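Report on one structure; see the data block that follows.
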Amino acid sequence: MTLKLGVIGTGAIGQEHIRRCSHVLQGAKVVAVSDINLKGAADAVKRLGLDAEVLSDGKEVINAANVDALLVTSWDPTHEEFVLAAIAAGKPVFCEKPLAVTAAGCKRIVDAEMNFGRRLVQTGFMRPYDQGYKALKKVIDSGEIGQPLMLHCAHRNPNVDDSYTTDMAITNTLIHELSVLRWLIDDDYASAQVIYPRATINTHAKLRDPQIVLLETVKGVRIDVEIFVNCQYGYDIQTEVVGEKGIASLPEPASVLLRSQAKRSNAILTDWKDRFIDAYDAELQDFINGVINGELTGPSAWDGYAASVAADACVAAQNNPGVVNISLPPRPAFYER
Amino acid sequence: MTLKLGVIGTGAIGQEHIRRCSHVLQGAKVVAVSDINLKGAADAVKRLGLDAEVLSDGKEVINAANVDALLVTSWDPTHEEFVLAAIAAGKPVFCEKPLAVTAAGCKRIVDAEMNFGRRLVQTGFMRPYDQGYKALKKVIDSGEIGQPLMLHCAHRNPNVDDSYTTDMAITNTLIHELSVLRWLIDDDYASAQVIYPRATINTHAKLRDPQIVLLETVKGVRIDVEIFVNCQYGYDIQTEVVGEKGIASLPEPASVLLRSQAKRSNAILTDWKDRFIDAYDAELQDFINGVINGELTGPSAWDGYAASVAADACVAAQNNPGVVNISLPPRPAFYER
Amino acid sequence: MTLKLGVIGTGAIGQEHIRRCSHVLQGAKVVAVSDINLKGAADAVKRLGLDAEVLSDGKEVINAANVDALLVTSWDPTHEEFVLAAIAAGKPVFCEKPLAVTAAGCKRIVDAEMNFGRRLVQTGFMRPYDQGYKALKKVIDSGEIGQPLMLHCAHRNPNVDDSYTTDMAITNTLIHELSVLRWLIDDDYASAQVIYPRATINTHAKLRDPQIVLLETVKGVRIDVEIFVNCQYGYDIQTEVVGEKGIASLPEPASVLLRSQAKRSNAILTDWKDRFIDAYDAELQDFINGVINGELTGPSAWDGYAASVAADACVAAQNNPGVVNISLPPRPAFYER
Amino acid sequence: MTLKLGVIGTGAIGQEHIRRCSHVLQGAKVVAVSDINLKGAADAVKRLGLDAEVLSDGKEVINAANVDALLVTSWDPTHEEFVLAAIAAGKPVFCEKPLAVTAAGCKRIVDAEMNFGRRLVQTGFMRPYDQGYKALKKVIDSGEIGQPLMLHCAHRNPNVDDSYTTDMAITNTLIHELSVLRWLIDDDYASAQVIYPRATINTHAKLRDPQIVLLETVKGVRIDVEIFVNCQYGYDIQTEVVGEKGIASLPEPASVLLRSQAKRSNAILTDWKDRFIDAYDAELQDFINGVINGELTGPSAWDGYAASVAADACVAAQNNPGVVNISLPPRPAFYER
């Protein structure tokens, strides 16, 4: 069978996912799209050579008879409404992060899905699909380094523009670590603290950069994440897991070793797309396969909710010199992995 | 459109390519198969859940009206016959290496294809599709290391069984370097010499292991390839290109860095499939795309021929203490890259 | 000239320094020793083949007419007394860390030395003499990575015995980072905080292990130091300096790269002596040269005092969930570097 | 005791060794020097602040009553004469490489020393004193990689001037590998072949650069050494030992890992002095210690002879397209290690 997809939101990321479904992945095709900018949606359909209807509203896409499943890639504040509508229609939905712009909104989605009685929602967290994180998790799960005790992480970006503000270090950047680390060590966050190092000269008035976020987990693991979005030198994602018997680090992307000009060097990527493009492919293929096989196994609505609760606490900690508690209700059996 | 493929030969590699076309790649499906073992072919069709006819003979597959293009994965000595038949039928054909078991056979294919007037043949050399070699070629082509002067290579395998004999170090193993290195540095081989180091205790009476093959190219580049198929420790492919201004090395596969038991370590792969599986996917996707777009750009019949001529000289050099010339006719304009 | 040394304290470290002066370094010889265990001192003199007098008391050594300079390697609580006596006698003195067991004691030494009017004291901090730290400082000072903003450090030891308690993570272990980091980035500590990750199963009741110490410097640099003294896998010292334009890391000790058993690996040291033995040689040679040239340039009494003040704050922070201020008086011109 | 040294030859390397003995090493001092340029010798004595006599001739230095041992650092063609004279005087002598400019000359020294009945000669081969080669030998001798089968080596230099000619690739450059590799794997050379890759544009008319020397040892080990003295990018010494079970590589010199400008990089040295200065210190300290202890254990006259025989064969192989035999008489019991 070929899964027939409806796409709500045909901006940059929407078009990227459409391209992926149409030219890279197996088993799906896009049959309907909508966007708040109708003309933009129509242009995208033409440019991408789709045989797809342009509908005037996301709800219409959701309810179109020939649409089997949805991709929600619209403006963040509209995610919740469309995901809830998809659940109401009983159709599987892949929603780009954030699942909702508030923890309460995420919770409403969780509740609706549990009410429905079967998983319909996959949250767009792609890092668990990255080969590097998968290899790292495999080492941790093998017991080779013993129980994890500490994680030292860094999320570095060459630079950001003036629209990127202090809180976005959490909501746009750290959100990736918040989503992947709890999966990596199968744990949840218990508290957060933010400390501000000396600021780089390369930042602007509305952005404190770098920042260090200190997290404690329910099991007592301590996590430090350096967020440095004007680091100049490259896009560099680091995760080091210190266990009782050894330490495992996220693989560096494979690259040519060069000996030249009195240096042995390997290139560092500078664009996040180069780093994670394969993971984006894999997450969406997994969604397609999951829908076809009748069982979604990727990041759930609960995962979206848990990340949202943690992110809220981290933003609070940015404005508070002390430790902020993170309290997530117990994970319902419905969402057991 | 969906490309309709016929597969001749449903042994291990044939089934692997069928799986690939059916479950990983985009744009193609297998509609007909044959094998000398008809029952085996029928079983494979069932096991892989194909909607494909089982025909009694490769020629029937080639000529089946609903077959757009062919994959030849049959017994090596039959490759030539089926490729020639596909050309005669004017159908694109992907042929697993070797293109033919003799250089003369390869040449007959080259001649037939040139007679036909358009490229129909892709030879199953997958290393140019490996991300590592592509990255290495990009560095070389950038001029960053200047003109290549020497290549130091190694092809190491944990172990082989007793059916692997001295000549197979060339025909089964070195053939991969012979195919990829001339592409990598855009050059051709001019001579070969083989030297035999002290033999490992881990070999058997019919296999001299390790061996070192010394090649000179038309441009004077010197290549040394260590072939060591009982190296015990892993599957390890090395290529170091020494240029006038610097040196570039094939990337090591990405892997977790582990600190444990008084060692910093990265895993080395032990199975060639893990090393090159993505390249196999990419070569076949490229064939599918090439057929759909009406232009094959992957390894050509000429490339298959050139590798075959070089391999013959290397085998001769195994039995000859001196230098053996390699003489390939000039590349026809038809095959210009 | 040959510098004639008196050594106070002939325990393990005393004997080690005597061996160093007698068999490795240039320009000095040991002419007098003392120890609270007189027989032990006499045995050491015999075993090391010294032509040295055994005196009954450290003060006698200090005042012996043929003694030009002193090494104080006695029991920690006696350091202050002997260093003050050496200053009183106007003789240069190398004092093993700690300079004194309290910050107040260190301050008395600083005051005495300033009163004397010329540097006589070198504190036994050897890390600034390590080739790795020197190379790292050179990179920082070159401006290549811009202004330092954060330091990520780790001090890991395979294991400790039951006599090692929580506070010793500061006084025996972190003290090395406290001494070297302020030198490395030419800064001073402003506050400390200690956080306790989940404890390893390999610790004992009186030791919280691992610990993370968070320091802020006067210039706003944030430092995190992981102290993990039962890490099992090796003796591993890490320092990563994150600057405005790049990141520089302490060199890994040179070691053979081994490919075997499906791993690429480098050995990690397991004994701190192997890691820093050259630095011990260099610090003492520097003291000898400094005395001969009439100018001490190594770690000063002030450096000993500054480390002591910081260590006291860190110990306070171990028993306090919040941030503890570190306040050091302004550095006197006398001690300007 | 302090060993009283006479130095014959006060050019660059002579002054360097004098500085070493006077300011770095233990247990020796220079008491007499000579040079063909008497004024130069006098100037050196003054500049280096020595309390040493300037004698008019090397023989006078050898026979001076207060001279215990000799350093021969004069013009290469005079080495043999001075070493023979030292042996005749029964005085230990450290002779810079080459021991003599012909194999026959080396053999005369070997014979004279055996006649004398006790080792008096140390040849100035410093690589066995390098920590890296020592660590590599330790791994080989441990059996961890099994029996060595192949060595892949490179000797690269940023550039040379016009006085450096093709044969000097052997006599000035490869000589270091010839001396260290037979020690490393405890073997001797059986044959040599030289192949010439495409020449770099950075060479001149009288120098074929790069060159590859292929050696076979008595035990059948195959060694390839790339000699590339205008490689531009750095001074880079590589040795990879391929054994039956694994591969061990010469350590890279320790260096800061830098992340900047989209690269992870480590500096490569550009000057051989930085690479091997510690080894020069160690070899001379070993000579001093050996003389004081009455037993020389460093590179012997036999080692100088064996390297010379191999170098002669390599030079012959530069002018001969085939394989040149290397035949060394059996090692006399006198020189057993």
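Read from first to last, the chains carry the letters A, B, C and D; within each, the first residue is number 1.
What we mean here is this: a contact is a pair of C-beta atoms (placed from the backbone, for glycine too) under 8 Å apart; a residue touches a chain by one contact, two chains touch by 3 or more.
Labels paired with UniProt names: A, B, C, D = Inositol 2-dehydrogenase.
Computed from a predicted model, the values in this text were never measured in an experiment.
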Farthest chain relative to chain A (centres taken as mean CA coordinates): D
Centre-to-centre distance between chain D and chain C (centres being mean Cα positions), rounded to whole Å: 38
Averaged-CA centre spacing for the pair chain C and chain A, given as whole angstrom: 45
Chain A and chain D, separation of their C-alpha mean positions in angstrom: 59
Chain D residues counted as touching two or more neighbouring chains: 232-233, 245-247, 252, 259-261
Overall pattern in which the protein chains touch one another (line/ring/star/complete/other): complete
Chain D - residues contacting chain A, complex: 232-234, 236, 252, 259-270
Contact footprint of chain D on chain B as seen in their complex: 146-147, 149-150, 152, 195-202, 210, 212, 214, 216, 219-222, 224, 226, 228, 231-233, 242, 244-247, 322
Chain C partner contacts - residues on chain D that touch it in the complex: 23-26, 131-132, 135-136, 139, 144-145, 245-261
